[in-house]
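What follows is a pair of complexes built around chain A, which joins chain B in one and chain C in the other.
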Partner chain A sequence: MEAISEAKTKQGLLFTLGRHLNRESVFKLSLVAPLQLLLWFLLIIPFIIVIYLSFVKWQPVFGSWTEAPWVWFENFQKLFTEIRFLEALGRTLAIVVIAVTLEFIFALGLALLFTRNFFGKRLFTSVILYPMMLPWVVVGFIFYLLFLDHGLVNSILTTIFGATATISWLRHSVPAMSAIILGDVWQWTPFMFLLLYSGLSALPSEPKEAAMTLGATPWQIFRYVTFPSLKPVILIAIIIRALEAFKIFDLVFIMTGGGPGTATETLSIYIYQIGFRFGQLSYAAALAIVILITVSIVTRLAVRPLFEKEG
Partner chain B sequence: MRGMKLLRMAMTFIAVVFLFSIIGPQTGLSGQATWGATAAERALNGIKALMDAGKVKRGENFKIMIHSGQRGQLAPVVEKLNRLTGLNAEVVVIGFEPDIHTKAMNEAVVKSGQFDLFLGFSNWTGDFAEAGLIVPLDEWVAKYSPEVDQGPNAFVAPLDRFTTRYKGKFYALGMDNDAFVLFYRKDLFNDPTERGNFKAKYGRLLTLPETWKEFDQLAEFFDRPAKGIRGAHLYSTRFFTYTSWAPRFVSKGGIYFDPKTMNPMINTSGGVKALQEHIDVTQKHMFAEAYTGDWSVSYDRFPAGQIFMAVAWPSLGQFAEDPEVSKIAGKVGFAKFPGSRLKGKLIRATPHVVGWSLTVSRYGKSPEVGYLIAQWLNSPSVSTEVITTKGTLDPFRQNHFENRKLMQTYGPELGPVLRKNTEQSFPDISLRGSNEYLDVLNLNLQSAVTGQISAKAALEKTAAKWQEITNRLGRKEQLKAWQSEIKGYPRHIRELWVDLGKVSPVMAGL
Partner chain C sequence: MRERSSGRVSAQVALPKRRRWLRWGAHWLIVLVVLLFFAMPVVWLLSVSFKPPQEWQAFPPTVIPRGPTLNNYLLLVNPELPKGSASYMLRVTEPVTKSFINSLIIVPIATLISAMVGFLAAYGVSRYRVGGDFMPFFVLTTRMFPPVAFAVPLLVYYQNLRLIDTRLGMIIIYAGFTVAFSLWMMKGFIDAVPRSVEEAAILDGASRWRVLFTITLPLVKGGLAATALFVFILNWTEFLYALIFTSTRSITVPVQLSHYVGAVGRFYGPQAALGVIASIPAVIFGYLIQRHLVTGFSFGLIRK
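== the complex of A and B ==
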């Protein structure tokens, strides 16, 4: 009796599977499967390995990773007691907040300016976009040279103020961080400008015209008409830039190497040091997971207003 | 008749065996007679024998990971090796030095067999060995005799130890000598007015600095910021500050770790004094790039005539003496590394910073052939050819210093000075995790030099962090490696440690 009911169940399953797997769905599956398998291979499996590594104590200098001892949450615990990590996190957040705010202010100003017609607008648009096209490494070198003791910045300050400017920009923490932030603002304001300018150009002119007819001042039009309409674009621009700025590496690596000491060490530089120079891959894996979860939560919260409006 | 013949054959065989047993070991002929008279010949014959035995095929590809600064030196000789053996060896060039460590450690994990040899920093050998990436070479060293520590072509001691061994075993063949040299402006130094002014100011004759105190005095005297010349250049950058502190520290009898417990011994009065001296001279008499630039700053500023004294790798001499790139060609002086006076003795300690060593991958096509390629490249004759070409590899064998053509590329004065400095050179920390130990030291030293923390705090923080690293990596094994490493320090420093009661004579290998 049992054998019969088992056979029936098998038949039933095959029937259900067969009903779903008609020729069309098999064809669809065969189209999607290679990419899915590739994705599994490239993303999911390494990610599982990362999760595994974060729970073991392993460095390549200990031998095979498959024989590493299980330490549960030790790597995660270490993360929250490691001053160098917490400082790097703080610095990275400071760079994100200051740089992205400055980029947003400059980009919005430029975008508003460029909505008007003026002589040489096309040329200026191209010029403004150039920094964004430069590789990070090149920007790093440019700003490194600018902020050297005998660099252009000190020369300009000397010309303006008369007395010889001898600011050691890259030797002290606050000036060095300022130089890095300026480098980031210089390179990425154009990107923000491009997004905001596109957003502004795509706004319908009717609401503005209606406001003008009703006697609104230019500030009131901006405050109550343009800005609210531009909010989704602003949000997306800020999220994209914040995520990018959070990963800042090249500029810092070239300008200061994270120094003096660890005064300009950001999260990416810290992970690079820990993972690639010291080979503490288990700890680096835990670090990566925590950052991934944090960034995902922050991003989700940031984009929430967009979806709420849609809903 | 037949019995007599057999007896005669047996007697002849016994006589031959007896002769070899007496002559062979005494003259070292047993290995050399089999494989050849020179290290290069033995390597080539070894490769041919392995080919004949079918252990490696003709045209087999062997990949050697090197840094871009060595391409010009190594690529031509590797081509020559291919012509001589029928192998297809090639160099794989990596542009950024730390990437060699990263890629090699990656190979330790994935075991792809993509690389057969690694030319990496000498102090990475511990990491490579512990990760199981490289094989010990003792067996082949005994079999093929690479002339590392014997004969007229041996390495200049103590390079024969610390560029080749880890935990007492042969793991590498050193290909370089990175003992630092003190360079100075001979024209300014010999100027009669300057000499007179110096005597008037300090009450003594102007001489080359024998001690760090004298070095700091010269840096002060020749510091002319208004004329665009600074007194000295010592590295205080993010990754190299230790190269300026360590020679002062070691020459004062300092030792990084206690060889009995592996506890850090840097946070001592000697350590703090050494750092404070370095902070003072750096802040007062150097360009700010000493902190903010990279290693290349001295290679720009010194040949441009903007620094009176610079401490750097030997290759700075080649640049500074090249009229095509230097404003001071013909005016460069080379001096022995300064030291400290202790109990009436002058103790000089030259930092050997980085250095390149060849190691053999466990996962390569044939580690024995890999070793033989390394031995051929490292042999007295081929390495002379390598180093005569300009690049980042510098003379390390005794015969290099006696080769006129090679020495001409360094100028007549640098050779003898470099040799002396090499004889008193000491290695970078070469334990497993060396990158991490040095990085922690560097970042705290740099924080102190830039005035963020005090000298004492910097060394306290470093010591605490070193304890953490040692505990994580395993104190027992680290201690074993350190006990072996200290035997690679030059004899006069080991004697000093014994004299100061820091190390027992047995542990010091005396």
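== the complex of A and C ==
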């Protein structure tokens, strides 16, 4: 008897709970609650902490971070007079510009090449996709292997031009940067290609044929017909790639570690070294804030319109 | 009619036979060069992974090892293996099994959480516009900034919560920093499902949760699988967070690889072997969702 009534109240409880969960507002809230939880934990609380950290002078060896001395803008002042930071910033931007430009040119050429039908086309398209699936660390290691002093690239150079043509790629700044950029281009050209190729194949063929009938040269067709209608895809591809390339870390870390000296240090590597190798976490926090602000502005200007147009 | 225009349209057909062959040949040559460019680095990685130490940097280089060996792979699992050669004297100090176990625990769990959380939120955004315009874009911020910028404050309070070098800590990070992809990919898939089906079910008296799990979920099952596999690849290959937030107990495969590269110096064979093994799951899953790769990397902006 008791058991039955207990079961009844349990059922009643579940029933009420169920009815509550079913109310529209509760339902909506519980849809996004897990996401909110993650975001608070990984985004909002850290954001508050990073602001706090950037205004104090603190390193893990000093003890508890809650008792660190308040120094106002000292960290930021240090940052803008630090030549190493400015160099790292410049280098990162250089990588972004050079790598993304090369990727775009190669990818566009490839995409145009692949608009023609030829035997084995589908297989080729599939085969060249794999670099973007590889772990970045592995790509870094591969290019490290290739550009070693006795690596494959130097062996090939020796075979063709003789032993004097070899370069200690990873020990000089410009060759090391080129090797890193080549790694990035190798890994991400396929992505760019896939975007442009699917963009190209989605274009209707009528305008092209019309232009042909009117006697336009292939270049004119590309310049005035294909290119303008491909523009949205190109924009998305470039922005996504640029944002990704700006974060570049793994390749550099594995291939050169930022060296020789600081010759290949990118922004991410710089923060890593400062914050996690040398433990100057409050200074690294100031760096992080500068990056957050810069990227937010860029994102606000370039990325949001893309998504809004879509939504 | 109009000789000029017809000449253009059928340019390829009208070319003399020899020129057509030339063109065909040039086209194939370019395609082959491209293929070589993309295949060569990985062929080299595979080749080194099967080479004995004396061939790692030998000149002239050979693609097919002269004395092929499985030692590099075996050493990964059993560092105590008889070395047989002076170059193996620098020994691998730890077997890779630990990092694989860690990766195989952390990555799938984080992926499942990310996909499920993303699915629920995407449903809310797609059907009820929960969080308005702000929330879906706010989620994107997890992907816009260099991860190292998030790592600075996270490290500080992960330390206080004792989450450093734990699998739980990594799972939370991996789930949270891929949820933007899950949300946007799933939003695309859910948007494609007509509302009328759900509305009919609600009119029939089905509860909202029931509709969500018995009607919408089966319809976007394929999309959810693609999303999960995509997120799996991202998490499997992630390096920076793992490097910062793990040290010994819960290192993942990419970190293990970096340890090999950094610590043992000229140890290319086993490093290459580890690189090959680490890439296999990502590549297999990548080809499984080949059609969705572009959608994934562009947050659902571009779909084929």
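In the analysis below, the second predicted complex is superposed on the first by the 256 of 311 C-alpha atoms of A that agree within 3 Å, B and C clash if a C-alpha of one lies under 4 Å from a C-alpha of the other, contacts with A are read in each partner's own complex, and residues count from 1 in each chain.
Basically, contacts are C-beta pairs under 8 Å (C-beta built on N, C-alpha and C of every residue); 3 or more make two chains touch, one makes a residue touch a chain.
Since this is a predicted model, take the numbers as computed values, not measurements.
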Give the label of whichever partner, chain B or chain C, reaches more residues of chain A. C
Considering only the touch criterion stated at the top, classify A:W65 as touching first (chain B), second (chain C), both, or neither. both
Is A:P135 contacted by the first partner chain B, the second partner chain C, both or neither? second
Using the touch definition from the top, say if A:L152 reaches chain B (first), chain C (second), both or neither. second
Touch test for A:H172: chain B only (first), chain C only (second), both, or neither? first
State whether A:F276 touches chain B only (first), chain C only (second), both chains, or neither. both
Look at A:I49 in the shared chain and tell me whether it touches chain B only, chain C only, both, or neither; answer first, second, both or neither. second
Where does A:G258 make contact in the superposed view: on chain B (first), on chain C (second), on both, or on neither? first
Residues of chain A at both interfaces, chain B in one complex, chain C in the other: 60, 65, 148, 257, 276
Which of the residues in chain A come into contact with chain B in the complex? 59-65, 148-149, 168, 170-173, 256-263, 273, 276-280
Which positions of chain C touch chain A when the two form their complex? 4-5, 8-9, 27-28, 30-31, 34-35, 37-39, 41-42, 44-45, 48, 57, 59-61, 116-118, 120-121, 123-125, 128, 130-131, 133, 135-142, 144-157, 159, 172-173, 175-177, 179, 183, 207-209, 233, 236-237, 239-240, 243-244, 253-254, 257-258, 261-262, 268, 271-272, 275, 278-279, 282-283, 285-287, 290, 293-294, 297-299, 301-302, 304
Under the definition above, what is the set of chain A residues touching chain C in their complex? 18, 21-22, 24, 27-32, 34-35, 38-39, 41-43, 45-47, 49-50, 53, 60, 65, 110, 113, 116, 118, 124, 126-139, 141-146, 148, 150-152, 155-156, 158-159, 186, 190-191, 194-195, 198-199, 202, 209, 212-215, 233, 236-237, 240, 243, 246-247, 249-250, 253-254, 257, 267-268, 271-272, 275-276, 281, 284-285, 287-288, 291-292, 295-296, 299, 303-304, 306-308, 310-311
Which of the residues in chain B come into contact with chain A in the complex? 98, 101-102, 105, 108-109, 126-127, 130-132, 237-239, 287-289, 291-292, 294, 432-433, 435-436, 439, 443-444, 446-447, 449-453, 473
